[in-house]
Amino acid sequence: MPPNDPLRIIYLSPVATSESDQDFADMAARYKNPSSEVHVVSLTEEDGAFSHVEYRSYQGVMTRGILRVTREAARDGFDALAIGCFYDTALEDARELSGEMVVVAPCHASIEIASSLSNTFGIVVGRRKWVPQMRATIRGYGYIDRLTGFYEAGLGVNDFQKDRVRTLDRLLAAGRKAIEGDHAESLILGCTDEAGFFEAMEGELGVPVIDPFVAALKRAEYGASLKRSVGWVPSRKWGSQAPPEEELRRFGGLDGPSAIGNRIVLLADG
Amino acid sequence: MPPNDPLRIIYLSPVATSESDQDFADMAARYKNPSSEVHVVSLTEEDGAFSHVEYRSYQGVMTRGILRVTREAARDGFDALAIGCFYDTALEDARELSGEMVVVAPCHASIEIASSLSNTFGIVVGRRKWVPQMRATIRGYGYIDRLTGFYEAGLGVNDFQKDRVRTLDRLLAAGRKAIEGDHAESLILGCTDEAGFFEAMEGELGVPVIDPFVAALKRAEYGASLKRSVGWVPSRKWGSQAPPEEELRRFGGLDGPSAIGNRIVLLADG
Amino acid sequence: MPPNDPLRIIYLSPVATSESDQDFADMAARYKNPSSEVHVVSLTEEDGAFSHVEYRSYQGVMTRGILRVTREAARDGFDALAIGCFYDTALEDARELSGEMVVVAPCHASIEIASSLSNTFGIVVGRRKWVPQMRATIRGYGYIDRLTGFYEAGLGVNDFQKDRVRTLDRLLAAGRKAIEGDHAESLILGCTDEAGFFEAMEGELGVPVIDPFVAALKRAEYGASLKRSVGWVPSRKWGSQAPPEEELRRFGGLDGPSAIGNRIVLLADG
Amino acid sequence: MPPNDPLRIIYLSPVATSESDQDFADMAARYKNPSSEVHVVSLTEEDGAFSHVEYRSYQGVMTRGILRVTREAARDGFDALAIGCFYDTALEDARELSGEMVVVAPCHASIEIASSLSNTFGIVVGRRKWVPQMRATIRGYGYIDRLTGFYEAGLGVNDFQKDRVRTLDRLLAAGRKAIEGDHAESLILGCTDEAGFFEAMEGELGVPVIDPFVAALKRAEYGASLKRSVGWVPSRKWGSQAPPEEELRRFGGLDGPSAIGNRIVLLADG
Amino acid sequence: MPPNDPLRIIYLSPVATSESDQDFADMAARYKNPSSEVHVVSLTEEDGAFSHVEYRSYQGVMTRGILRVTREAARDGFDALAIGCFYDTALEDARELSGEMVVVAPCHASIEIASSLSNTFGIVVGRRKWVPQMRATIRGYGYIDRLTGFYEAGLGVNDFQKDRVRTLDRLLAAGRKAIEGDHAESLILGCTDEAGFFEAMEGELGVPVIDPFVAALKRAEYGASLKRSVGWVPSRKWGSQAPPEEELRRFGGLDGPSAIGNRIVLLADG
Amino acid sequence: MPPNDPLRIIYLSPVATSESDQDFADMAARYKNPSSEVHVVSLTEEDGAFSHVEYRSYQGVMTRGILRVTREAARDGFDALAIGCFYDTALEDARELSGEMVVVAPCHASIEIASSLSNTFGIVVGRRKWVPQMRATIRGYGYIDRLTGFYEAGLGVNDFQKDRVRTLDRLLAAGRKAIEGDHAESLILGCTDEAGFFEAMEGELGVPVIDPFVAALKRAEYGASLKRSVGWVPSRKWGSQAPPEEELRRFGGLDGPSAIGNRIVLLADG
């Protein structure tokens, strides 16, 4: 692909409600690089789309859909895929068969940013249920020593956008506990559905507040740009080896009609 | 269930070939507690069954089937489920919705045993591909400091049972490297399809060699017995919370006809 | 030994009061596998038996007695020995000279169980004195990341069985602090003398509560069954090497009349 | 600053030879984003510039110059500063007084990229001298578990560009040791003066080879773009607090004429 | 040097106020070994001396001065140098070019002592600003598991000696929080300017309270005595290699007139 | 005790052969501070003295004797006790009841010294048997990241002093493996019976070689001097609490005639 062509990014939301797709597309339109083409897509219902993914078992079901979208996006020549769930659902699995496409996810993307702007961060979650899985993920990423803790807003995924005044209050209260109680120097919002609050929180609290949707989108652009301008694509050596195409076809588990249920396309400017 | 009724164990092999099911059933018949009832089952082809699960993406596809079997087994009153893959595929996910059934897996079961019999263990794998995922798993379990390393036999999952003389030679060579080179005090076979070699290896090498199939089966019996005789069943608090049944039905992703494709039943004696 | 003979388990209580021996025997009778033969024994006074082992120095003194009983039990053909103190006193030392007998201890046994039933556990201790040693032990076992903390009941070992109503109140209060304050998903009672309370606590608190006496007993049965039905016995390679018998005799420090002061035998059924 | 103005990046090389400045400028011209303005600068001799920084003590001397350039660049409205030494010399110190400017460095930038493209990476260094400091840095960053090791080319910093054929041979030999011997899935070049070899190495070895100069440059652009398009600037809370300006003036240690000795400016396109 | 000659110790205070130099000299006179000769020195203003070093950037500036004093002291035949700042500023750098002189610093020295007298310690700091850098240092030293936390007195470095009654009150309150709240078994004062309070605190709190100035001084004497009576001097192998003298002269950054601004000499007795 | 009275040090060798006692006394005479009074003692045969302590179980038996000597030494007003075995046998236990006497041990003392003189160290052991226990100890101390590994001389404890030429050859070969193969910057001899070789090794290998006997002796003097000149004695708070004297008497396990079998006294000079 010619280096001056737009970077092509696909943002996959495991959640599939028409509202959330549009919300993400609106956010993407605001924060994307003008020269990026961004596709905001969600899974079909057959592939496990649901209004939230708070449970491990829901993620387990959606994994197959995420993998099928990964293959489709790689074949379609996307430069980078962002998996839109703060659990970083199926990130390692998707990386295995992404070909030359870079795969990123919001938790890791947010932590990289927060760590470059502060010594420690706190994560604002909706419910305590989420914590052990997220903590294990962050430990696996190697950033556990920078984490001051998890702070509950007492809201489920589907509650965040219902009463936004209440949500902001709850997020601010949780954030203050992190900052004043545990000396967090920055905050990360621990759910892509907490989108749209970070700027108000920054104004109120005076520390960086990382929005995981924006972090994942920008990290995808960064990875895509490294691929396109420098040539850095995923390793396929040793543990990064992909299944042989021939075997994948025999396996069959990733075939079938497109797993993309909904798609909103934001073209590059100009 | 009356405490004197047989312990009811289900061993789920993500791999689905009629040979391997029967092999596992034969092993189970030999090693199970006489008073246990053991069901050896494998997934349907629709649920992702394949002749091996060497890739993350294959595991990702099978996860839904494993979860569906978990729900079915819990409803059917099994005391314990063993997930028959050394990657411990979907162990955490399955535990989420196992109700009062205990869920175990071969990697963790093998490590617990090896650690009670020796200071350090080496893991004999088929191919280097497997290593990073297994290493991360063992690090997550907290046993990384006892691991001397991974030692490749240079065989894929489907090769182990083809030429058993060659396989034994390869496993012995890898095991010697662990023991003599890195001072492993015991060995673990890193694939349930490496079944049937551990006793010959012990005779040759003079250290405990843990067979992951046997380890998972016996750990399931142990967990089942703790449940039945002491009453210890999974926590459902905080991060161990299961999705509400009502929501699971709306979600739908785990419904449908049985995910069990093949079943061999070993009844309790007497 | 014929595989159908009863599993032979020895439970060694470093504490030696006639009441506690009988209490443990009663618990064992209730929770043991019907086909196990269990000997509940305690040390002679000459070997350091005392009414509690809250101090490192007391454990240091009892270690010789524990080692002498280990040798005696191994010679007598026991399949597994459980060392009945939550400090897991002398576990590593006893393993060195247990021959083909498996050696287990309550702290490790309890943690294995709690970790298979929940993401995190809290430990209810009697006094703050115990904490640094136990924390170091659990760190050495690799499970520190699952530990939410230690919670004091404010009672010494000898107090637990004095006023059981008060004890239960204290244990419940400590357990609630773990669950509600630090989000523990299960509890472990951090002293074998906290025996007899776990079921009442489970009823009240709604999470698994692991009794260390029961855990050690059942883990001994599990280890014994692995030995008898699968043939897995301790490694004697490298760091697991035992002293040569001939040298042990010259050393002499482990000889002398039996270190077992009291013994209650529970025969296998039938 | 209007969001459409070019991102303004400053790359500070602690090393100061006219050749290396120009080499870096040439690399920057090739890899920078067209819409970025990049200043490649080096320290004055008074501020400790030297032909290499292989020793901790040389870095110690250059720290003051790096800090002075940081202050100057922040005042001049740069969006991001890259510190051009793989030791990430003075990264934390410079972050303290960078105001709203983002500060990045090559080791951390390279690791972030390598970790998104592979499970493990090896680092090719010039001399063994460098290793303990770099290992401690990577441990502090939390990525030690992904590092397979350090592999020496047997060349000092000033040797890399002398005989480029020999250098490439040495780098390839070291890289092969990482990949074949220790199963590294990607490589990182552990010195900004190893610039200009990564593409040839990728062609030969078939794994991603991260050039630290390019990584630092692109990470600076990424940080700058997060600042400009999202508003994410460094935290100034708790440990991230900067010295008060008034006190800095009294301190005086960072004042004086510009610490920038040489400057090559690459303007944004168009 | 003849073994019976006095040990020659140099204590370098990065802070340079005439009061503090004299205070340290008075403390040294009280606590030094009678047979040691101790020079208490501070940096010249040109070398970055200031009334406190609470900021990373101030330390960065002073590093050059610390390195120049290190070289001067090594040339003058001192046996050991103590760097008088609890951040252990430039400890690793100074060790690189100390020749046969041993270099120590207060944080590490204090931790070694506290760890030999207790299981856990808390550190009393002036301001929260200091914590992330100190925590990272202690993690690097390997002692993080013994640290109960940091406890703020709410005072800057320059405040400690202003109103000593208030300071003692604040230190006691912070210490009580460590002991009663987090079960610290000993305390460390986290700033050399907290000097002169430890004995009053010990009397009040009943646990060891480690004064970092005294710890550094005594550790320097200990290192000097190991050098003189046993011959143990710094390694110069691999990562401990020093820059070649010839290159150091070309580098020039460490040359110039003495960096010692003030010097108080305490001779050995007799 | 008047501060000018000699420091009183007791060095307890768990091993009890008249040769080794005298050897240690000769070493002590050479390396002790002139103003220290040093008692080199060994255990009575009744208390478990033997010609070596290579096994955990031997250490377990000797622990009671070590504890009894600790109590006796504390009562006799010694300032510091060194436990003369590189396993640091019973260090934590002895500290519990040492009153105001400081207790040290050779492994920890050696590591502190090596870490102040180099980035990494290798440990030369006699046999592979020793390694897992020592590795766990060093991990517990927090220094595992500085350890390059263990290097076997292929000699048991009782072999070291038999043929000193052969021993030196073996130690040098093991040391070279550490330095050249694994880039150790210093060495530690992993057995007090490896005494008397360190200087020859330093001459040959050019790195610091820490003798554990000397390290323990000097660390005891250092601890004693901190006690006498600064007043720093062991904490008795929380986990450092000692058993009550009254209870110790009832316990009885530490009473009886002196556990000291042999004693060589080295008086202070003058």
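For clarity, chains are labelled A, B, C, D, E and F in written order, and residue numbers in each chain start from 1.
The definition used in the following text is that a contact is a pair of C-beta atoms (placed from the backbone, for glycine too) under 8 Å apart; a residue touches a chain by one contact, two chains touch by 3 or more.
Just so it is clear, the structure is predicted and the values come from calculations on it, not from any experiment.
Engineer: By that same contact rule, can you tell me which chains touch chain C and chain D alike?
Structural biologist: Under the touch definition, chain C and chain D have A, B, E, F as mutual neighbours.
Engineer: So, comparing C-alpha centroids, which chain is the farthest one from chain D?
Structural biologist: Of all chains, C has its centre farthest from that of chain D.
Engineer: In terms of CA centroid distance, which chain is the most far removed from chain F?
Structural biologist: Centroid comparison gives A as the farthest chain from chain F.
Engineer: Of the pairs A-D, C-E or D-E, which one shares over half of its contact pairs with A-B?
Structural biologist: D-E
Engineer: How far is the middle of chain A from the middle of chain E, if each middle is the mean of its Cα atoms, in Å?
Structural biologist: The answer is 46 Å.
Engineer: Just curious, how far off is chain F from chain C if you go by their C-alpha centres, in Å?
Structural biologist: Here chain C and chain F have centroids separated by 31 Å.
Engineer: Quick check on chain C: which residues sit in contact with 2+ other chains?
Structural biologist: 119-120, 128, 131-132, 139, 145, 183, 185, 238-240
Engineer: According to the definition of touch, which chains form touching pairs?
Structural biologist: A-B, A-C, A-D, A-E, B-C, B-D, B-F, C-E, C-F, D-E, D-F, E-F
Engineer: If you look only at chain B, which of its residues touch chain F in the complex?
Structural biologist: By the definition above, chain B touches chain F via 119-120, 145, 183, 185.
Engineer: Using the touch rule from the top, collect the residues of chain F that touch chain B in their complex.
Structural biologist: Touch list, chain F to chain B: 128, 131-132, 139.
Engineer: Residues of chain B touching chain A in their complex?
Structural biologist: For chain B paired with chain A, touching residues are 48, 50, 54-64, 66-67, 90, 92-94, 96-97, 128-133, 136, 139-140, 238-243, 251, 253-254.
Engineer: If we count contacts the way the header does, which residues on chain C are in touch with chain B in the complex?
Structural biologist: For this pair, the touching residues of chain C are 31, 33, 102, 104, 108, 112-113, 116-120, 141-146, 179, 183, 185-186, 199, 202, 206-208, 210-211, 214, 218, 222-223, 225-226, 229-235, 237-240.
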